[in-house]
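Naming follows writing order (A, B, C, D and E), and every chain is counted from residue 1.
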Amino acid sequence: MATDVHGSVTDTDTEPERRPYPGPVDSGAAVEVGGLVRSFGDRAVIDDLHLTIRPGEFVALLGRSGCGKSTLLRVLAGLDREIDGGVLVPRRKAVAFQAPRLMPWKRVWRNVLLGLPGRPERDAAIRALEEVGLGHRADAWPKTLSGGEAQRASLARALVREPDLLLLDEPFGALDALTRIKAQRLVAELWQERGCAVLLVTHDVEEALLLADRALVMEGGRIAYETAVDLPRPRDVSDPRFGALRARLLDRLGVEGKEGPEARETEPGTHADTSVAA
Amino acid sequence: MTVDQAVAGHAPPDISAGPVQSSLAKGEAREREEVRRGVTVADGGGGPELARVVPVSGRRRSVPRWLRRTVGPLALLVLWQVLSASGVLEADILASPGTIAATAGDLVSDGALPSAMLVSLQRVAVGLLLGGMTGVVLALASGLSRLGEDLIDATVQMLRSIPWVGVIPLFIIWLGIGEAPKIALISLGVAFHLYLNVYAGIRGVDAQLVEAGTSLGLSRWGLIRHVVLPGALPNAMTGLRYSLATAWLALVFGEQINADDGLGFLMNQAREFFRTDVIVVCLVVYAILGLIADFLVRTLERLLLQWRPTFTGQ
Amino acid sequence: GGASRADGGGGSDSGTDGKGSLTLNVGDQKGGSEALLRAAGELDDLPYKIKWSTFTSGPPLLEAVNAGAVDIGAVGNTPPVFAAAAKSKIKVIAGTHSRSDGEAILVKKDSPLKRPAQLKGKSIAVAQGSSANYQLVASLKKAGLSPKDVTLNYLQPADALAAFTRGKVDAWAVWDPYTSQALDQADARVLTTGQGVVNGLSFQVAAPAALDDKKKAAALKDYTDRLRRAQNWVFKHPDVWAKAWAKETGLPEKVALDAVKRTRGTAVAVAVDKRAIASEQQIVDTFAKLKLIPRSFDFGEFVDPRFNGDLPPSSTAPRTYGKAR
Amino acid sequence: MATDVHGSVTDTDTEPERRPYPGPVDSGAAVEVGGLVRSFGDRAVIDDLHLTIRPGEFVALLGRSGCGKSTLLRVLAGLDREIDGGVLVPRRKAVAFQAPRLMPWKRVWRNVLLGLPGRPERDAAIRALEEVGLGHRADAWPKTLSGGEAQRASLARALVREPDLLLLDEPFGALDALTRIKAQRLVAELWQERGCAVLLVTHDVEEALLLADRALVMEGGRIAYETAVDLPRPRDVSDPRFGALRARLLDRLGVEGKEGPEARETEPGTHADTSVAA
Amino acid sequence: MTVDQAVAGHAPPDISAGPVQSSLAKGEAREREEVRRGVTVADGGGGPELARVVPVSGRRRSVPRWLRRTVGPLALLVLWQVLSASGVLEADILASPGTIAATAGDLVSDGALPSAMLVSLQRVAVGLLLGGMTGVVLALASGLSRLGEDLIDATVQMLRSIPWVGVIPLFIIWLGIGEAPKIALISLGVAFHLYLNVYAGIRGVDAQLVEAGTSLGLSRWGLIRHVVLPGALPNAMTGLRYSLATAWLALVFGEQINADDGLGFLMNQAREFFRTDVIVVCLVVYAILGLIADFLVRTLERLLLQWRPTFTGQ
């Protein structure tokens, strides 16, 4: 397992904290969040959130739409600093935003290379794009991409980097089943190879359970539920433990929890017992 | 947000020391990974170097915006005073702020400046109105339809480059020497500025939003009102900035024609009769008008463009 | 004076004087005819209306005359030449002759230049096409120089003052009241004046259409008579006039009085006779030679002598307040 | 069932066809597409596509990312006319685009009412927003919405209209499991009530099978596969026929087709037998 | 796309006849539905009224753009000729195109116009360069940082509104009467225009993209180069449009200062000497320069803004 390694302390290289918060600072963590608060106006979207991610850990973040997942990611990416609380993150981060956010004035391959150190070559971009099945669109302008293509370009852009923390905000949401599987596999492989910490926001419980070491559920501005996914890899959705975990998570997410280990086999996917009236 | 903010709490990834990266470089990455994961648990591994995300207070800007913006103009004023007092700027080059203030005081107390401002203000108001409407209508015509563009745009681009001083004789012939040519000059300046910016704004509206509007069943006019015009608004604001300044500047030419009052006249006359101090007073008035215009447009922008989370921030 | 303005309202109506059905549109410059007539009390019993329009200088005023927007206006001896060269619809109907001490070439007090001949190779500021332009050319010619022997720097008076004050030019050809002002404020001294070099004439220029209108023509005649009387009044009351003039224009009173005594007050009304036409023709020919106008023409065609009447000939010597300063 | 009613011919009120194409024009169809071609440069993204949708029919459109689904929708919405072929669509259409495309200068509730005839009241918008769980954000500026919130606002905007054809481009892609179920239910209800034709682009096979009367798979620029979903409503994912259909569709979409009716119970969701290497 | 296009193939939904809609109006809709679905299969039902999506050919615009754009100016020219020929426009109001062409011919053949253009062109080139750099640098300083904005923006807004004619004497004092003040005037005009537009452009860049750039590890300069400047480019183009025209317009004032050649001088002189025909020739030259500038900027835009699928269409 990848998550059981945490080593000695590294220097954090920042000024002393202004507002001390509980929790270890000098652990060998990849992410250390303590007492984080982020408000828009009166509404505290993130409210006293605590989170530690170990180096090399793959964490999935689930939660209702609008619960503050993207906001948390922006804070971790260092993009939103109107916060209270302590946040320690690696210097080297890569983000795939929820919206693709490609620079419209750069062709796709240039978008992929944007910000890379050195003088990366076009080939590097093409290779990355090919991995997400976009090699043929490398020279396109971003605004001519389809929704899924743009999302994949954005993913490729995040993945060519070599970060210590990879932040992925619903990176597979606009992909069809097959493309999604391939992209998931790609992320899993890269994570394995590089050993970076990953925080993946997703709405797909199975995706979370297939990929992550740990699944978090955000609610009320904090991590309301957390479960280790201690299944051996490669994981199999047909594994009863998988089914149990899924049921528990879906239950936590408010989808009617008929699903138990015993009901699993008749309740596929996230749609559980959804029935549409007619 | 500003680049300052954006970059400050977020040091650029310092990977430049590493070897040249291949796309999703596998070989080298794997080695590192093995070390880190403990396949060779050599040094026990360590987390990556962490950096603190330094919180900024949301209400850190206690000094109000307009106050901070006075810094530049005030600095200029102080510089002027210092240079004058120290004798670097001789009085015959540029009188000291004190002298200018005294002259301004005279001009105000004898009613010359207020009456000039009043007269000019009326002209400016009418000119702004006429020119503004013309400019926006032309911009709409040429921004919204291809045919309009073909007919109007090149023509306006052409006329816009004409120095209006040269046309004053023609104006006199066509419009006489009353208010008409003065207002025409102001209107022209205003119209061209608004045209240029509104047109650019219209042509910069996101086609996706126009599509969305169309698909929502907006009529032609609804599309203009709800999609195209709001989308062109940021540019229109720039146009307005220009227009406000231009309207007053046009006075300098407009009030050469049969005027015996007005800011432009005051300035022309002062120039005619070497009243350097009056000229400087006029310039200062113009500068203040510029600040007022800026303030107005900023206020408008704050009201009308609050939806716009741009690089502007706050 | 100046209390009797009929309506002091803003707008372009600089104001109207007098009563009656007939309205005379008069083009004016600040501190010009209107101020003069008012100061002399000549506007108190007008049998027709005068609508004043104010212009910054002679050329735009003549543009307005040409456009028929004004019926009459006063300008110097040079603008009509250019206007006529452009075949404008103008007629010179009356003139005044004054001393030409105000038309001067100025140098700085500490300048080594003593005589006009020494201007050779020097840089001289002058407003192109102004009366000073002709004066300069004529003065140079008199000193045995041609315009090619000097560097001409074409600058408008306000700009020339700056250049002259900071020593960016060696000399400055200019007219009153700028001459008085420069002498007063800019450490200048007169190198030479236009006295005897230029004709010292100023003109009333009318629109032909107004002259063709019988009633207007009569009013024009009356108007020029009033001007002539006002001119006589000025000569007798230089101080009062200087004060009124200074107030109108913002000139310092001292400068105004100097200018009045040097030039303005010395004017006598004269006929636009053969001699006046001939001296203007000289300007025409000079400018034609300098290529400032495309070709020479007969200035006489732009003169209407109908109001010459009993006026003295244009050669009549201007008055004088004694030794000019 | 809703889809078995088609009545007499209505006038199409258009000029005679310039380019005749096979297929009935005067049928009582809600959408008639014949020989549609749409090329970008040399690439024909839609290539001789034929499609008929009956009034009141609910059609799901699946296909690989970048296969031309959104392009087809834009053509049907009348937004893209650089086409060849014949396209007949109702005058009254409503579209929810793949990206939310909210007017950033209008508050959410105004966006919802945009283009509605008459003088619709704020209340109408609030009600529509509440149905998608966004009542509390009615006064927000669009750019402050979370990804899922924006998508729901866009959906609400499409649903307040009363079209004859409703075009939905992945309207639930950014929603969490529970919110998604609610939104699906909402669409199903409205469709039932109004009887409009619906074309739903989705990547979720189960979603397609739960909602649609017919599922299409787009490939190579045309409808490559088509299957009626003749299951009684309300539908149940645990129904063996449902499983069989899902397996067939997934197979058609390129996801390894181990799924058969017999394997269904152990292969939940769209992830079929995906396993992630570790 | 234009509104024309957008609306043409897509009639607005004509639902206005129906009763006022409630949000997701249930009652009325249900009734209709029942009719349609055959719960009461009264008339056998019918599909909705269909409309054809009328294809437009992609290459329908066979007339090249620049040619279509000459229509307006040409029409103006024809109008002028017709009015002159028919006597409506008397020669002393505005000479006929023929007369003007003859005068232009004279001016060209005697070398006056070419030499004036050459002299002015040099001034314009230098002024554009200097002013352009100044304007862009100032816009960057004040667009990118709050401090810069506080110091610079209000100051520039203030100075920009000053009529430069009034400052010419100061320019002469500071810069003499050589080329310097002329070029300074041109530069000033150019700088202000570029400043205003580039600043507005920078402040209009989507904050989301700036965030993305930051998160990609772009350095401050990288952010400017790859995100902020390209994002401000559309506005910068509008600024350039202005600048090109302004540079030539500034000549009219710049070449009042001790000039004896140049387009501005030619025009001022003509005005001084009542040479209406020469004035009109100058105006025409200016108009042509405006068309050239427009053509240049359009070409640049086509090259640099091809990524931009805006309302502009094609």
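One rule holds for everything that comes next: contacts are C-beta pairs under 8 Å (C-beta built on N, C-alpha and C of every residue); 3 or more make two chains touch, one makes a residue touch a chain.
Please read these numbers as outputs of a predicted model, since none were measured by experiment.
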Checklist entry - Counting C-beta pairs in contact, which chain pair ranks first? => result B-E
Checklist entry - How big is the gap, in whole Å, between where the Cα atoms of subunit A centre and where those of subunit B centre? => result 41
Item to check | Centroid distance [mean C-alpha coordinates] between subunit C and subunit B, Å | outcome: 44
Item to check | Rounded Å distance, subunit A centre to subunit D centre (Cα mean) | outcome: 28
Item to check | In subunit B, residues with contacts to at least two other chains | outcome: 6, 10, 13, 15, 93, 169, 173, 208, 211, 214-215, 217-218, 222, 231, 271, 308-309
Checklist entry - Which residues belonging to subunit D are in contact with no fewer than two other chains? => result 2, 77-79, 92-93, 99, 116-117, 144, 161, 192
Checklist outcome for this item: Going by residue number, subunit C touches two or more other chains at 63, 66, 158, 161, 165-166
Checklist entry - Each pair of chains that touch: what are they? => result A-B, A-D, A-E, B-C, B-D, B-E, C-E, D-E
Checklist entry - Which part of subunit D faces subunit E closely enough to touch in the complex? => result 2, 5-15, 17-18, 27-30, 32, 54-56, 75-79, 81-93, 116-118, 120, 123-128, 131, 159-165, 190, 192-195, 197
Checklist outcome for this item: In the complex, the residues of subunit B that touch subunit D are 208-209, 211-218, 222, 226-227, 230-231, 233, 306-309
Checklist outcome for this item: subunit A residues touching subunit D in their complex are 2, 40, 62-66, 69-71, 98-99, 133, 137, 144-149, 152, 169-170, 173-181, 184-185, 188-189, 192, 203, 205-207, 210-211, 232-238, 243, 250, 253-255, 264-278
Checklist outcome for this item: subunit C partner, complex, touching residues on subunit B are 92-93, 115, 118-119, 122, 168-169, 172-173, 176-179, 182, 256-261, 265, 268-275, 278
Item to check | Interface residues, subunit C side, partner subunit E - complex | outcome: 59, 62-63, 66, 82-83, 85-89, 125, 128-129, 152-156, 158-159, 161-163, 165-166, 168-169, 292-294
